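Same chain, two partners: subunit A is paired with subunit B first, then with subunit C.
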Partner chain A sequence: MVKDFTFATAMYESGDWESAPLLPGCVIDALARYTSLSIAPMGVNVALGSPEIFNFPFVWLTGHLPVRFTDQERKNLKQYVERGGFMMIDDHNHDQDGIFHKTMTEELTRTFGPLKEVPKTHELYHCFFEFSDGPPATVAELSGWGDQLVHKELHAVMPQGDRIGLLYSLKDYSSEWNMHPDTKQFSTVDPTRFGVNMIVYALTR
Partner chain B sequence: MTAFERVQRTKRVLSVIIGSGAIFWAAAAVFATLIVGALLVAFVALPAASGLIVRLLAGLAGIGTLAYLLYRGRFAWSFPRVALWIEERAPELRYALVTAVDPRYAESMGPLMEPVVSKVDTGPFVRNAAVRAVLPGLGALVFTALIFGFMPTRIKSGINVGNLFSIKPPAPTIMGNRLTPLDATMTPPAYANLREQHLKEPSTITGLMGSHVVIRGDGEPDGITAVLQANDTTKKSVPVTADGNGWKIVMNFTDSIPAALTLKDAHPSRTKVYERMIVIDPRVDEAPTAKLLLPVRDTTLRTITGTLSLSADVNDDIGIAKAQFTYIVARMTEEEKAQVDSGVLVSQNFGGSRSGHLTFSIPYSKLPLAEGALLSVRAVVWDNNTLYGPRIGYSETRTIRIATKAEYDSLAVNPAPPSADTAMQTLRMLIIATEKLDKQKGKMERKKFIDSSYKLAGVAETIKQKVQRILDDQTGGGEVEANPLLQTALDAMFDATRSLMIAETGEAIPSLYKAFYALRDYSKAKKYYLRGKIQVEPVNIDRVRLAGKDSVKAMARKARPLDEADRTKLTADYASAIRALKSSPDSAVQIMTLMRVETLRKYPDLANALGDAVTAIQAKKDPALPLTTARQALNGQVGTLHTIPMWSGAW
Partner chain C sequence: MPSRVNPTTSRSDERFETEETFFPVRATIEAVLHGVALVALAFLVWQAVHVLRQRPAVYAAGNSVRASLVRWTTRQAPEKAHVALDSVPTPDLRDWIAALPGAGTQMSWEGGSLRPSAVAVEPVPDPKHKVRIWVAAPAKSMVSLSDALGGIDSVDVETGGAVLTVPGVEGDVGATVNGTKATTVQRDSLTIKPVLVLGVASWEPKFIMASLEEYGWKVDSRFSISPKSGDVVQNVVPSAVQIDTSKYAAVIAVDSSAQRYAGQIAEYVRKGGGFIATGDAAALPAFAELMPGHPGTASQEHDFDLDSVTPRTAISLAAISQLKPNAVPIEMRAHEVAVAARRVGQGRVLQVGYLDTWRWRMGGIEKSIDPYRNWWATMVSSIAYAPRHPIANSSPVEPTPMASLVSILGTPTSQKPPSGSFLDDPRLLPALFGLLMFAFLVEWGSRRLRGQP
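Up next is the complex of A and B:
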């Protein structure tokens, strides 16, 4: 039985997981516009510490506040990534000195070891839309908010070869894509195209 | 210049010329003897002390040549002989010089002879003598020195040229395998405070990263090479140097990847080449661990009072430097910005012990807490790895939330409403009592029956009021809609109370059951804890399907290499090793050692079995058992067939 792709947002005990409520709809809209994937019209929220997380091939996780995973959350995250899931973690602060970044990278390093840089030649940037310069810059970066840096690369956990199991971003796509889908019509280029790449990569690679 | 002075000066010059020539020839004789001796030692099987003999012979040759030449030129030290030497080269003197310097005639004949003597120039004689006496010796010295200088070191080493004047004998020339016996000394890094290890005939050297390793063997170092191979592509040559009467290799464990050290003994005087492999297994200093014992769990405080008690156990495989309790206080400001304070509560040094305990207490009022703040605490521990550390370990984090007065999840902080559960308990007893009374209807005196029913009505009224209070709390005094289950229970209790007051027990019982079931369902209802408002925006998929305008340029999928690829290669290597085991055990050992290096981290069971097999082969014991274990480890779990296999005809 073919099951619709459902965009899942991870709920975790610490911090503010619910900080980008409009993002799922915005990405789902982009997926419908550019792919023929069978998609659920609404996203779901799934607890990182629950076994239900394993029902979703792609999970979005974001927040501003300090993150401390519980033992169960950490165990599930490790299993999820190692068993073929794709976890996208985005720093909603877009700030290298931000508390989310510091605490989250500590948690990830503790769980998986140091994150690896994703090269521009990686399939993630070419599997659907072409992003030859790597990850697209966000308004937050270009406006000089947060750490006033345009982060040139993303980092990842690659449990097998170069397959990405966990993608970590300081670019704040959570702010960039946290809008009503119809708002995108005012943009010259659909800003959520990179989200399509992420999900296509997660589902096909 | 008088005749006497002239002869005296010539005597001095001739002495120097003859002495220099003798020294040059003597040195040339030394070099010539060394050259001949080195060639003999290198290409003819001579006793081990032959190098020393050659050096002694060279010394004797030099001394002998010097003595002979000085003796032959001894006239230069005799005053009359020098005068005659001049007379011989200047016949026009007609013995005037000899007469002038002869003490018997010097006084009377000297002044008469001086004019004759002064006409003769002795410079050309002396220069000719210098050329004849010095240049051949100098030439011979340069020639022999050049030959010796350009001679291959491996030939010169036979006479221990680096230690020419030492009486210590050179390293013995071992014609057999110089790679056995081997000794290894492994010195762990200073920070680890571990003992030095001495290993005899090591097949594997295991040590902490940063360890210093010296491998020593017998014999001279010539022809011994050492190559460190971390994987199929990376090879690094390790210098082999002389060490007293033997050779040595010095290495530092700078990498965490296992490697194979291949030693090769290819002595120039032999055709047989010996080879030996040693597995280098560097171990990484693990990060320390911290286990938070107190606080036991996350909690919510209504007010900032009381004491925060912290307790943690810390451990490390080598030694702990220090441990701390750290905190982060985070809260959202009125402008919706995150405000964060962090710091260290306590820090304690552990001085390199492997385990320890950290405790600390602090009143909450001393922390920068405020309403709505989140206080996160954890233990952090550093090990004492000063070489490539320190490594840091973190405990679980406990979060203590300070409740706000206005927060909507007030169930957590306001006094609890009357429990529906207690109302149910009382109601169950009321139902039992009512049913018992109803059965006695007609048997009991009417007045007594009415009084009993009235008493039960009082209990029912109490329960009804309790349900009313729960309902009021839930609805906020009627501001929001009541829970239908509670409303049903309240209505049913109203009916039951009225029936019991007029002693209609039979009518009261169904109403009591209705109220009971409603309260039971209410108490079982799922309680949700809402953290925030999630605005769900369903997307009209049909409206936007494939309506995107941006151009898509997707690349083709690439095949990903199989995860088991390395196991396939290892299986092939294992088969090669087994094939080579009978005909060439050394080759089998070499293959298995390389396999061991590859598998030490990923397949430790296989690596251990291969190590046992190598040890057994080298000790000329039966390696069947470790080889079987290795094959089982290589093949993984035993598989089961889900169908009946075809009959092979073998039985």
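Up next is the complex of A and C:
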């Protein structure tokens, strides 16, 4: 009995959790395109503060606006990571001086302590597609939007050894992958391939 | 006028007569003391002959046993001896008691306060708790465990024994119960090899693998992702998985993707390997010969209770039915078999009826991580293949002190042997000797003070 993988987007009370509505479908499309995994065709939205979050070991969280978690959201987030879930948090602003980054890293540091840098040799970059230079650059970075930087690494919470429980990105994959799947045909390289790596990593480590 | 002095009587004679007159009682006492000394001397001579001729029955208890053994062995060979032990004697003392019958002494013993105990140590195929210590002890007693490095733990025994698993032991392992120490040593060690997890990339194999790694198992894995891209592997050569007892302690198959390894797994199990099948893997026809039973239809699917305090009662279960004759139910849920085990060839197979156990860890109550992790680690440990290697150790041990005592000294008896007359009392000789010397010295001193020889 192989259960379907379900792409879940976290809803939180502050900020704009729904800022990348097309992203789940685009990543699901990539998963279906490159793997033979059993995948739920539609993503789900699940409240970070509800116990239902624990039914989805992979959760995507994004936004532009300031974030302040409620006590229950903070508690669930901590338990979620400790229990073995994988949460991807992406700054939709691509701005290290942006309000989302500042408030979110403040929340994460408060909950987990300082985030760790994910080395380029990490399994995340090699478990399916090969990303030997680390996380792929996004159009937002290359176009000079946001903080006008190409961030060379991602950061993470690693509760056990080098196993990632929470991956934090300033690269704005939320903009990069927030498109209709058919749009990918106009790209030389499918930008959502790194999304496949993230999910394969979450499912196998 | 007659003389007032008798010319035939000297002054000394006169004084003697005067003293005889003045000390009749003293003389009588001296005579009595003289007699007592002579009687005592005669009795001592008789006693010496008596002891040589007819040996007495003697008794010793508690701390006096060792001193008594010295006396019985070197000065007095009693005909019968009885010892009352208040603790299990050291091996040398025990053997000493056991040797007395060889010298002609009829031995008996009692140990009313002694309690039987035993200790055993065995290696466990478990990376975290590598040694299991079994202790047998009386109910309601406290056992203190120690090894060469010091105290290990203590445990209150409720019903007659206790089992502890510990990370390791060093040298002699002792279990002290009511002052009696049973000792043993670890005689074997195990080579613990990795575990192989096979499945399609999904939450169940991922959480099993993660939990086993967190527990301490080294885990290899092969997760199917896509026919084109191949599998995601960990510590495994992507081109071929070689399932053999030389490489793996156990193999866990989670779903039908294990079909392609069915031949290798069957051979691996017959050679001694451990195999766990859960989910669709347990229902594969290719594994039907190995499985302890037949997997039923999944129950309680999708109704995992997030607030459940007993998560294993809430996760889905494909109850195992039609158990094979040599299959053993390992875990029941209500009246249904949830986990069953079976020996196949030299190996062991475990069939897990629970489905989506990862929900237990992710969605259980707050303290769900350790129980889930430990449960899976225990499942693997129970079937793991781990070759044994002897450990050279020649130190003398006593794993069953009370049983050894009974074996060597015979059955204890609470009936003391007849102690004979007071003449057999070993205290009589020094008492008589003291009396003799007292009577002799007093009599002699008294006479000398009177000027008598």
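By our rule, the second predicted complex is superposed on the first by the 204 of 205 C-alpha atoms of A that agree within 3 Å, B and C clash if a C-alpha of one lies under 4 Å from a C-alpha of the other, contacts with A are read in each partner's own complex, and residues count from 1 in each chain.
The definition used in the following text is that contacts are C-beta pairs under 8 Å (C-beta built on N, C-alpha and C of every residue); 3 or more make two chains touch, one makes a residue touch a chain.
Small disclaimer: the values here were computed from a predicted structure and weren't measured.
> If you stack the two complexes on chain A, which partner ends up touching A:I99: first (subunit B), second (subunit C), both, or neither?
It touches subunit B, and subunit C stays clear.
> Kindly classify A:H180 by the partners it touches after superposition: subunit B alone (first), subunit C alone (second), both, or neither?
first
> According to the stated criteria, A:K116 is in contact with first (subunit B), second (subunit C), both, or neither; which is it?
The answer is neither, since A:K116 touches no partner chain.
> Could you say whether A:R205 touches subunit B, subunit C, both of them, or neither, answering first, second, both or neither?
Both partners, subunit B and subunit C.
> With both complexes superposed on chain A, which partner does A:G84 reach: first (subunit B), second (subunit C), both or neither?
second
> Could you tell me if A:L37 is touching subunit B, subunit C, both of them or neither one (first, second, both, neither)?
A:L37 contacts subunit C only, not subunit B.
> Should A:V189 be classified as contacting the first partner (subunit B), the second (subunit C), both, or neither?
first
> Does subunit B (first) or subunit C (second) touch A:R163, or do both, or does neither?
In the superposed model, A:R163 contacts both subunit B and subunit C.
> What's your read, subunit B or subunit C touching more residues of subunit A?
B
> Where on subunit A do subunit B and subunit C both make contact?
34, 36, 127-128, 160-161, 163, 200, 204-205
> Under the touch definition given earlier, write down the residues of subunit B that touch subunit A in their complex.
Per the stated touch rule, the residues are 298, 328, 330, 338, 340, 374, 376, 378, 394, 396-397, 399, 531-541, 544-550, 552-555, 557-558, 560-561, 563.
> For the complex, which residues does subunit C have touching subunit A?
Residues 200-207, 209-211, 213-214, 221, 223-227, 229, 232, 234, 255-256, 279-280, 298, 304, 306-307, 355-356, 358-359, 361-363, 366, 368-369.
> Which residues of subunit A touch subunit C once you look at their complex with the stated criterion?
Checking each residue of subunit A against subunit C gives 1-3, 5, 34-38, 51-52, 54-55, 57, 79-80, 82-85, 127-128, 160-161, 163, 200, 202-205.
> In their shared complex, at which residues does subunit A touch subunit B?
Per the touch definition, subunit A meets subunit B at residues 11, 13-14, 16-18, 21-22, 24-25, 28-30, 32-34, 36, 39, 41-43, 45, 64-66, 68, 70-71, 93, 99, 103, 106, 110, 123, 126-130, 160-161, 163, 180-181, 189-190, 193, 200, 204-205.
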